[in-house]
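Heads up, the next two complexes both have chain A, just with different partners, chain B and then chain C.
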Partner chain A sequence: MSHQLGSEEEFKTTIADYLESLPAQFSQRVFSSPAACLAIFRLISTVGKQLIMSMLYLDTSLRLQDVSQWARTDCQRMVRGKIHQLRKLQLVTEEHGNVSLNPVFRTQLRNALTGGGDFSSFGTPFNGTGRDTRITRTQLAQYADQKWEAMLRFMVGRQDSSGESVVQPPAESVRSILRTAKLMEDGENGMAITNSGFQFLLQDTQSQVWTVLLQYLRQAEMQQMDVVEVLNFLFQLISLQLGRAYSAEPLTSIQRRMLGELRDFGLVLQDDQRPLCFYATHLVTMLSSSSSTNSGANSTNSKDSVTELPTSQQGELAASSSHGYIILETNCRIYAYTDSPLQIAILGLFVRLVSRFSNLVTGALTRDSVRQALSQGITADQIITFLTANAHPQMQSRVPVLPVTVTDQIRLWEQERNRLHPTHAHFYKDFAQKQDFDRVLRYAQDIGVVLWASIEKRQLVVTRQVIYARFQRLLLCVIRVLPWAYRDVRVRDLIVR
Partner chain B sequence: MVEPVESDPSLLVVVLDVNPTAWTRSPLALNKALQQIVIFINAYLALNPENKLVVIGASKRNCQLLYPSDSTVDAAHDIQVYEQFRPVDVKVLSGVQAMVSQVTVENINSLDEQQSLMSRALSMALCHIHRVSESQTGKIWSRILVLSAGEDAPREYISLMNSIFAAQKMSVLMDICKACGQKDSVFLQQAADITGGNYLKVNATADESLLQTLMFTCLADHYTRSIINAPGSALIDFRATCFCHRRVIDIGYVCSVCLSIFCKMAPICSTCHTKFSFKVVRPDRAQGNSLATPTADMSSLELK
Partner chain C sequence: MVKAVKGTFIECDSAAREVLLKLNSKEKFIIEDLDSTHLFINSTHLKRIQVVLDELMDANTYKANVVK
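Showing the complex of A and B:
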C-alpha cells in the first residue's frame, strides 16, 4: 500500500517541483536565458502568468497587500497562494511585505518578448550545404513515434505472450533511464516492468515525455553534469521550431552529449550525413503546450488558413482528435480499431481481450481484468482518463464521453479494494462510572473527534489530531472534578490500523 | 452558461486604429505605440501556445486584415525572437506601414479626417471570431481589443451599436484603449460597458505607460477576469446619436415602433415609415396610447 502511494507521488513531481528544489544561485543561472524564462513562464498557472505580466513593466515593487487586493474578495486567498508559488520558484522576491519580480527573470522575459539579449538561446539555424535533403515534418513525426513506441513496446514486451517477434531492446541510455526511474527493473530473464511502469503506460504522451526528461535531469545530477546547462538546453529544445534544421556547432560538449542521448528517445533527430545538424521532433516541441495532446502519428501540417497558428500545435490537435480508436459500450464491451501491438498490449492491461481481427480488437471490461490492473498499481482514474483520451471520434462527440454506468462500475471496483482506511487514533477503555464516560463522550462528540464508541462497553476511540490536545485537557478536568475516578481511568494509546 | 476553464485557449482580435491624421495629434507617436503593442501581442501569445490572434487595421477609408495574411515571411535569417512571435510581428508592422503610406495627411483639424472606420473593423472582427469558434473543436473564448486614436464618427452609430450587441450575444468581451484625443469616446465606452470589457484612457505621455496599462488590464482572459478585479470605470456617457442628422443628443424623440431616435419631430419615421398621429402629442391628452412622445434618455438625466 505504502509503496503504491510512493510511486504515485513520484509521478506527480513535475518540472516545477524540480525547479523549486534548485538552490538560488542555480536558478539565477537558469533564468539567464530568454528561452528558459519563456518556457518556465508557460509552465505556471494562468493567474500566476497574469501576476507576472502585470509586474513585468513596473519598475517599483508592490506591497503584498495591494497585490492581493487585485483579486475579487472570494479569490484573495487563492491569489496569495499563487504568489507564494511564484516565490517558491524564485520568480518573485519578497522583502518587508513588498513583492517584485526577480530582476534576472524580469530582464530575460522582457528580452524574450522583445527579441533582445542572448540571441542563441532560441537555437541557431543550420546554414550548411545540402538543403535538398531536408527532412519533412511527416518524416520527423514518423521517426519520433517509431522511437517512442519502440521504448513503450519494450516496456510491455515481456508481458506479451502472443508470439510477437521479440522486441528490439532500445539503446543503453534508454534502458538506464527506465531503470533509474523505476519504470522497469532487472528480473531473472531481462528487464521487467514495475507497477509505476504500468501507470506510466496509461499516461498521455506529454506526461510520459516529462517523466523521462525529469529522470534524465536527476541522472545528470548524479553523473555530476552541470544541471543548469542541461536544463537550459532542455528549455531551448522545447522552444525550437518543428521541422527546421538547427546547428549543433555552438553547443557545449555536455549539450552535444545530451543530443546523442535524447536521440535514442526520439526527442531529437540527428542527420547521419550532417552530424552538426539536428531537428527537434513533435515529442519535445509539444511540451510547451499546456494541454495534453496525443502522439501524432499522422501529424501532417494540416493548417487552418483562418488562424494560422505559428507552431504546429494545430496539426497535432487535429491529429489527436482523429486518433481515437476505442469504442466502449454500456455493457462494458470494448471495440478498439487498431492493429498496433503496443496499443493492444496496453489495452490488455485492464481489458479481457476476446477476439482479434486485422484492424479490430474486441474485449470486455470485467471485474477480474480491472482488479488485476488495480493490483498492479493502476488507478481507476487512470483507466478512465486513458479511455476518454483515446475514445473514438463518434464517442468524443457525446457528453460525457464514456458511459456513466461503466465509469461508475470501474470506480466501484476500485473502492472494493479500499475498504480499510488507516487512521491514527487513541483508544480509551475501563471508565469506572457511566457518567464519566458520558461526559467525555459528549465532549468528544462536540469537538468531532469520535471515530467509534460503545456505551455498553464504555469504550471510546478518538482521532489523534491537534484537537486531541484539548481533549486530553478535558480528560484531566474530569479527573480533577472526580478525584475518585482517577485511579480507575486508565488511558491507553493504541494505533488502530 | 458555460464557465471559463483555466486551460481554455482564447482568441484575441486586435483592432488598431492607424488613421495617420488622428495620430499626428497624439503625444505618443504611432511607431512608438506600435512597438508597445507588438510586445503586448507577444506577451499574449506567450500565455498559451494555443492562443489565437487576429489583427485588423482600421483607417479613414479602409480596413485591412494584417494578421493572419497570405504574405509569407522569409524565415531563413534572424532568429533572435521566439519563432512563434516573429511572423506576427513582421506582418503587423509591415501591414501598418503599408496602410499608413496609402493615406495622405491633410486637413489635420477637420473632424471628418480624424474618424476611422471603426464599425467596419468591428464587424470584420466579429466575422472572424464566428469563423474561428465554428471551426474549433473545443471551446475558445474570444475578445476584442480596440486601440482607438480617432474621434467618434456619429454616422457609424447604428452599425457600431449593432456590432456591439452582436458581440454581447456571442459573449465576446471588448476592451477599449483610447490612446489619444482629449474627449472620451462615447460609443466605445458603451461598447466596453455592454460587453463587460474595460474602457481605458491612456495618458500616453510617459514611456511604456501604454504597454503597462495593456499588460495590466487587457491581457487577462475570461478565466482570469473571474478572479482578478478589473479597474473600475468612471461614469459612462450613455448618450445616443439621432438617426436623422447623426448628432449626439441629450434629449430626443423616439419612435415607439422601431425605437429610432430623432433630434427633431418628424411626421413619418424614416426607419420604419410609421405615420405618427400628432393629435395625441398635445399635453392635455398626452396620456393613453401616445405614438410619438418626446422622451429623455434616462442615462443622460443621470449625468446632469
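Showing the complex of A and C:
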C-alpha cells in the first residue's frame, strides 16, 4: 500500500492532491463556479480558511513577510507552509514576494458568500421554492444506505454466511469503479475483494465516499470526459441541501450521465416519475461538513449530522455509525449489538464469531483471527480505529476507549508477523588498515547508507538503494587512492554494476 | 584485502536470531553473524526462512481457549 488508508484527513489531502495536479487553465474554469469555490474553501484546513478570509476582501497584494507576521513567531513557519500549499492549489498567487488570492477564486468565493454571480452553480431547485414533501429525508436516507450497503455487501461477498444466495451484484458503473480502484478484481468465479478492499471496508463512510468519488474522477479522465465539468458537478452536489428537489434541466449531457452513474452508488436519488428532478443524499452532503460522522472518538462532534439524519430501521449503517455497537472486554471478547449482515461480515474479517442472537453477535479476538486479517493486508491500526469508531457509547465514555491490553495485544500480533526486517545490502569486510575503513565508513555515513558498522571488526553493511550509486562512486575514488582494493575482483564487480 | 559480498541484512530480536542460527546448522545460509540482533544472510534463502520461522513461532505459541 502506497498510502495509509483510514483517516479522513488523508482523503481530504487526496482531493487536494487531485486539484493540485490540474493544469492552471483547468483550475481557473473550476474556480469560475461559486459552488466549487465554496466547497474547496470548506475542505481546506482551519489555518488555510483563516488566511483566505483575511485576504478575501483585499484587492491589492500583500507582502509575504507581512502575512507571516499575522502568526506568532513560533508558528510563522507553519503559516508559510500553508501559503505554499494554497499556492499549489492555485488559490493564491505569488509574485516578487507579494501574495494575493487568485482573482477568479476571490470573485467567486465572494459571490458564494454574499450572493451574486452565477448562482445556478448551487443547483436549480425543482419547481421553484418550498420544501418538497414527496420524498422525505427518511426515504432519502433509506435509499442511500440501501444502495451503499448493497455495494459494501457485494464487496464482502460470499463470506456472508446468512444469505445462501449470492448477493445481488450492483450496477456495472459501480463494479467498474470497484475494479479500477483495485478494491476488487476479477477472479475465476466472479469478482473478489483485494487487500485494499478489506482496508476500504474498515473505513468510515465519509472516507469511503471520497475514495469512490476520486476514483470516479480518475475514471472520467480516462474516458476523456471533461474533468472540469465533472469536478464542478461534484462540488455542486456537495453543496446541495439535503431533502430538497433539484432540477436536472440546466445540467450538461456529461453531468446528466454522471447523475445516472452516481445514482447507482446512492449518492443521488432520481425520481422515476419526474426524470428531470434529483435529490442529493446525506452521503454527499456530509462531505463538506467538517464534523465527520464517525471518525474516532469525537462522537460529540457528530451531533449535527445525527440530527440531520433521521434514524431509519433499514438504515443500519447510518444509524450504527452514529451509535457505536461494539463492546470489547479486556479478555478480548467482543459483543456487537447488531443484526446487520454487513456489519457481521465486516467483524468476521478479524473476529472469531461464536454465537449470534437476534440483536447481538458475540465472538473474540484471537491470535488466529487477527493474524488472518493481517495476512489479508489489514493493519493493526485499522482494526483498532474501526473498533474505536464503532465502540458502544458506554465504552466511548472511557479514556482510552478500548482496553489497553487488547490494543497492545493486537499490535504485538502484528509485530510478531514481521520478526525479521530484511534489507538488500552489501557487506564489506577485511579492511586491511584502520584508516581505509574509517574513510569508507565516514563517507557512507555522510550519504546515509550505513545499515550497520563495527569499528572493532572493521565490517560495514550498506544498503543497496538508489543512493547506493553514490556510494559506489566514492568507492571508485577511494580505490584510486587505495589501489589495493581494485585488485579485488568482487569489489570491481560491484563498481561496474 | 577488502571483500564485498551481496546479500540480505536482517534485523531481528535475539530469540529469532537463535532460531536462525539453529536453522543454519542444517543448511548454511548465514554469511556473517554480525551481533546479537543483526545477521547478514544469503538473499536466496530469505523467503524460505521467513516461512520456517513463522511456522516455528506458530507451533510454539500457547493458544488460550478464550472462546468456549
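In this text, the second predicted complex is superposed on the first by the 375 of 497 C-alpha atoms of A that agree within 3 Å, B and C clash if a C-alpha of one lies under 4 Å from a C-alpha of the other, contacts with A are read in each partner's own complex, and residues count from 1 in each chain.
Criterion: contacts are C-beta pairs under 8 Å (C-beta built on N, C-alpha and C of every residue); 3 or more make two chains touch, one makes a residue touch a chain.
The structure displayed is predicted, hence computed values, not measured ones.
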Touched partner set for A:135, first chain B, second chain C, both or neither: neither
Which of chain B and chain C A:459 touches, first, second, both or neither: second
Which superposed partner A:354 touches (first chain B, second chain C, both, neither): second
Chain B versus chain C as contact partner of A:104, first or second or both or neither: neither
Which of chain B and chain C A:367 touches, first, second, both or neither: second
Which of chain B and chain C A:114 touches, first, second, both or neither: first
Touched partner set for A:450, first chain B, second chain C, both or neither: neither
Common interface residues of chain A - those touching chain B in one complex and chain C in the other: none
Contact set on chain A toward chain C in their complex: 331-333, 352, 354, 363-364, 366-368, 416-417, 419-432, 436, 451-452, 454, 459, 461, 463-464, 484-485, 487-488, 490-491, 493-494
In the complex with chain B, residue positions of chain A that touch it: 34-35, 38, 41-42, 45-47, 49-50, 53-54, 56-58, 69-72, 75, 78-79, 112-116, 119, 122-125, 239-241, 244, 288-291, 304-311, 313, 317, 321
Touching residues (chain side chain B, partner chain A) in the complex: 6-7, 11, 39, 42-43, 45-50, 52-54, 68, 75-76, 79-89, 128, 131-132, 135, 137, 208, 211-212, 215-216, 219-221, 223-224, 226-229
For the chain C and chain A complex, residues of the former touching the latter: 1-13, 16, 31-32, 34-35, 38, 40, 43, 46, 49-50, 53-54, 57, 61, 63, 66-68
